[in-house]
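Note that subunit A is present in both complexes that follow, paired respectively with subunit B and with subunit C.
And then the complex of A and B:
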């Protein structure tokens, strides 16, 4: 009897050890995810933003997005008519400009609004930022699930509006599938789900759904007409371009 | 004779009756621990009331109409440590379950122009609170320069600030208030912290009500016990009345809980009322049993029960009618429920006194022996008789006209006083002057323009210049009222944004510009509090500074005048908020008083007329108590006691209970007059015999109600005082005014008869 018990224990230990050996280090996983998400040089796409309120009513907006690297981006709204022409330019070092066509004027948007919702969505300016996750969070590995690694991310900056994120990353392709956002009271504030598709050599987040649990409000961002690496330059991301 | 058969049946079934009563008492008693208290005044308006509907809608659409606040007082609010604490309070409140929105110095939208850039963010970055003196000074100067903050979220002198929160519609207001108080008290902050607003007051009222329940019921019990002991000098005469009253209280409260009703500010009076009223029926039954002589104790008991059932029932029925008048006559749900359950409670007490009391007496052989009966003195020999009743009846018989003149003078004076009656439904007035709640409300009124939310609803295209300009115009008009100091709406935000875009602090004429500005406001925390998602409706939020009913009424009138001329098809305007609710409650209160009292008078006069088989006697019987009610209103006018949610009950309650005294006198008088054929003797006899019973009853009932003066809640204090006064009035009236009326009436008859003869 004793020997049987011992053998079970030994094999269990081996099993654990074996799993550990195969497991990815948390930092590596997060780094790989950043690579999958931010490897294209540039991208243009059409974005449909669907806002769903707590009673289930939907509102739709459309925008054209162009992005270079992770630091430069223009969001230009095309629909509804009341917002057509409004554009947001994001530049490095948290510099942001807003263009209002009815005024024919642009205004710089202050950086202290980062925890504010972007254009009525459930994404904050912070969430919209394309800054690599490895630069914003320290990851910790949690027990993995069937197809995904599970990471707990703690923000590096004390000024983050979140206390932690729980992130699920596809085991084979390293794109995110699901994220939970916890507020400073450690209450689950939001959750997002991702649907990635392969376009050319990149993985594209074709649909992201962000749900604000406190407000019971949902935002869906659906991307189409995605084009990668078209040779956009810094000149495409200037205030002058914003006004065009 | 059916009554005798009923009495025999009761004696026969004594054990089953006792067991059933005990079982029911246990059953209802077990319900009591779940009985909840509801201190929400809005709930007293019926669900379909237009004011209540509009107010509730605001709650549904804009994230809560119920507003509470935490007041933080310090030497200077613009201090890193104080701001940290404000942030901590803000965070604490935000995470309480049931909270919809929180606004404070560290969590309030700010639109400003920074180096030609636009910044829409928070006034203070909660993650980067200013540290240097210079930063803090400039923050103070900036904050106090903006109308949006000064006097609204920070006092003009910068020594106090508010953390304002609204509650989710389905939140348990008292629960939320309690949690917030507990959590913030636990933080042990050095600043002076106080709590204001309706949810906080509701929590306070609830605890005071509980405290009252715990203190006042035993106290009433003891007072009535002492009085009974002194009057009857027997254990039976003391224990049985209190037991039946207590059982009826347990049954009634248990039934309330079982049917899903909560105790409210009005029904909380019920136990004391039942204790005072309910014990009276048992006293009648016991008196009768005592009087019934005969060797066979069982037969005597049956005879007594058979005799007393109908008179006790009739005396009870007028009281029940008094309370029932609220079910049909009152507009406010709170009062209707009170009427319903108090009449049920009185009915229980009645039933117990004629069924349970004889059963107990028979089961435990408690019939008094002949000997002790003989010891009872005749009324004439008692101290009360010698000192009071004899001189009294002589006076009445000798000078009936003087007495009439005295009463008439009192009535005239009272009618004059009636014109000074004020009404009050404001929760603040529930608290005694030195209660912290009153103190907090004073701060709110002085520094922050009050705590009562006001909403002006606009229906139309919220992005149209027309509607937004109308909102600004309305806000300017509102601020001209003495009790509105600051207002907030989406139009203010659009004006500020337009200013930052360099086009002046005005609403743009171009809708496209408004739509552009809106883009940045979209998704701001404050937006759902100001406009609906479909942009078809928006509100102006303001606070009202006065707690005075007259001020509220003036304001509602002032606003309605404006709305009438300015509301258009494209921009419909409506007013709601606590002042509107209070004004509605106020008018309902007067309406409730009028219709329930009218109904009570009709029911009671009819019942008495039927009982005495004479309509004129019904009217005579009502005169002392009606006079008392007029005097009561006059007193309220002179003493400055307002008609409120509790004092509105007094007149009908007094009518139902006070008429009994007249019934005793008239019944006795008719009986004696038929026998003696002499008005004076009949009157004297009536006063001597019934007078004693009436005086004992007046003293015990008034004392029971006077206990309510120890209540922590002002309307209940006044209620106790006024009912006690009315009982004394009704008693004195039935012993002076009524005999005088009878004397004058019968003397005239005698004279007419003499003349004819």
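And then the complex of A and C:
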């Protein structure tokens, strides 16, 4: 009887340590991915957004993006003409402002907008956010594939629109290569693929393709003219700059 | 006519030349704008045309090495319907096809002048104050543009100097100075009389003719200028501002009426003398997000500089009286009164959006006794990657006398469908259904239920 108890205890300890080691590995991988994605101090780029509907018809939007760290960003549309000049300023603690030239003033937007599609794309405001994944999700390691680690991410916030994400991370460079998004009913909603290139000392998501499986609609986000570490300051991410 | 052709040729040439320059150089003069047609038809038979407007908006912008910006917006419009009275009018294309040219804005903004924290903007500009949607009681620097009575909240630009000093990224102080007084402009077309006050005459008298004279403030700093300060801040997740404006009422007040007999049946002619009283306006607004819900509030306290008394001279009706016969009525006391707006909005995950506002005091109302209570609601849904936007619930209600609601109310329902036919072509179909009783703007619109169609091409 004593032997049985001991073996149960040992098994439990192994399981506990095993799980802990597993979680730690998953956390480490996710942390490394965050480091790869968000290690630059700041970044500016041109973004081309291509919307492809189920019949293959394409529409293009263009924007300029400026970002400092993971919490400050200005996204300014430059085309098409109907959207040119519209800009969104994202600041820490979910503070967001929308600037529409026709109104001549900024408008504070509520954080509920985060679950909505961003400007007709398949990305939500939440998807566009550059908050580190380690701050938004709890990772769990799944069996790895040939070149990638596979993680299951569960949102920390109950208000997330997703029940989980399945993430594939490049084993050698730790950038994401593929992601699946599951809705609250645990149905696969969207999937995204990433094409990273090295620019200087940083890996850049040169092209992200997001496919909405329900709508059979695709959004491609293509970055160009990417510049890192230009010394942007907090003053570049203010309502004053948003309106310039 | 020759001038019009020159203007049109100039605008078209400018569009092509600046587009070519833009393609070559990002810092070149940028030209944007839109062409919009706005047609409205009354629903009641015989379905009169209520509005005809074809607008070319041309916006020019040039940034100068990040140190300054030039911006202008010009409207070239064909507005209104031909008003032909005499055969001679048939020779006049301005009557056959009325048009106008308007400089909405034209300013230069200099960033970091004298100090890196100071921005200066000089020229005709829109100075938009307030956080509420469309209905902003603190937004009084620019005159209201009531031309299109359904475009609430539209203002004209003012020729002004604006200084913005940024203490930090969260706190700033804005000072504005408008040297010349510009009154609000009134509605046009069939809506022309909607903002006119009902004139109450002594019993037995009937208004037969009406004339008026408007006194504008003398054009000097003391009388015609408007000046204001606004302190803006952000703390604990809340945007807020405090403002003060030394301005005028944009709509004229009746100061002196002279009644003269018109006929022997009790008909009278009225001559009114109108003026624009000085007013001090203290404002406050805030905006925040709580649990995903956007919340805002905005209030303006108006303090008239003088008590406003309307004198009605009826001496001509009493020729035997040894002394002038005058009737004085206090129209606006020298007491503060407050207009305010409280609002909330929420964006749902299914791409729908809800916005609700409560207003105390509409844009054309003044004096504590004349302020009414409004609720305005809008729920809109977006489909097909935002190409189609439908607002099935859009409208509101007003009660002008809570003691007698059934005779003093109005409801309005304004459902809207907007479709982006291409990236730059927007089609918009809106219905305006108004119902009500009593002396309020929306009740007066009850005769103008209409269908509105707009097409906008942006370039």
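FYI, the second predicted complex is superposed on the first by the 220 of 244 C-alpha atoms of A that agree within 3 Å, B and C clash if a C-alpha of one lies under 4 Å from a C-alpha of the other, contacts with A are read in each partner's own complex, and residues count from 1 in each chain.
What we mean here is this: contacts are C-beta pairs under 8 Å (C-beta built on N, C-alpha and C of every residue); 3 or more make two chains touch, one makes a residue touch a chain.
Predicted model, so just to flag it, every value in this text is computed and none were measured.
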Overlay on subunit A: subunit C relative to subunit B, clash or fit = clash
Looking at the overlay, does A:57 come into contact with subunit B only (first), subunit C only (second), both, or neither?
-> first
Mind working out whether A:244 is in touch with subunit B, subunit C, both or neither, as first, second, both or neither?
-> second
May I ask you to decide whether A:158 touches subunit B, subunit C, both, or neither, giving the answer as first, second, both or neither?
-> first
Touching A:235 in the superposition: subunit B (first), subunit C (second), both, neither?
-> second
Is A:100 contacted by the first partner subunit B, the second partner subunit C, both or neither?
-> first
Of the two partner chains, subunit B (first) and subunit C (second), which one does A:190 touch, if any: first, second, both, or neither?
-> neither
Looking at the overlay, what does A:73 touch: subunit B (first), subunit C (second), both, or neither?
-> neither
Among 109-117, 595-603 or 613-621, subunit C is struck only by the subunit B stretch 109-117
Footprint intersection on subunit A (subunit B / subunit C) at 53, 59, 82, 103, 105, 107-110, 112-113, 116-117, 119-121, 159, 161, 215
Contact footprint of subunit B on subunit A as seen in their complex = 53, 57, 59, 77, 82-83, 86, 98, 100-103, 105, 107-110, 112-113, 116-121, 158-159, 161, 184-185, 187, 215
In the complex, go through subunit B and note every residue touching subunit A.
-> 91, 94-95, 114-122, 125, 127-128, 463, 500-503, 510, 512-513, 515-520, 522-524, 528, 533-534
Which residues, counting only subunit A, touch subunit C once they are in their complex?
-> 51, 53, 59, 61, 80-82, 84-85, 93-95, 103-105, 107-113, 115-117, 119-121, 159, 161, 215, 217, 234-235, 237-238, 240, 244
For the subunit C and subunit A complex, residues of the former touching the latter = 32, 34, 63, 69, 111, 119, 126, 128, 131, 164, 166, 169, 172, 234, 237, 239, 287-289, 292-296, 345-349, 351, 382, 385-387, 420, 423-424, 426, 456, 458-459
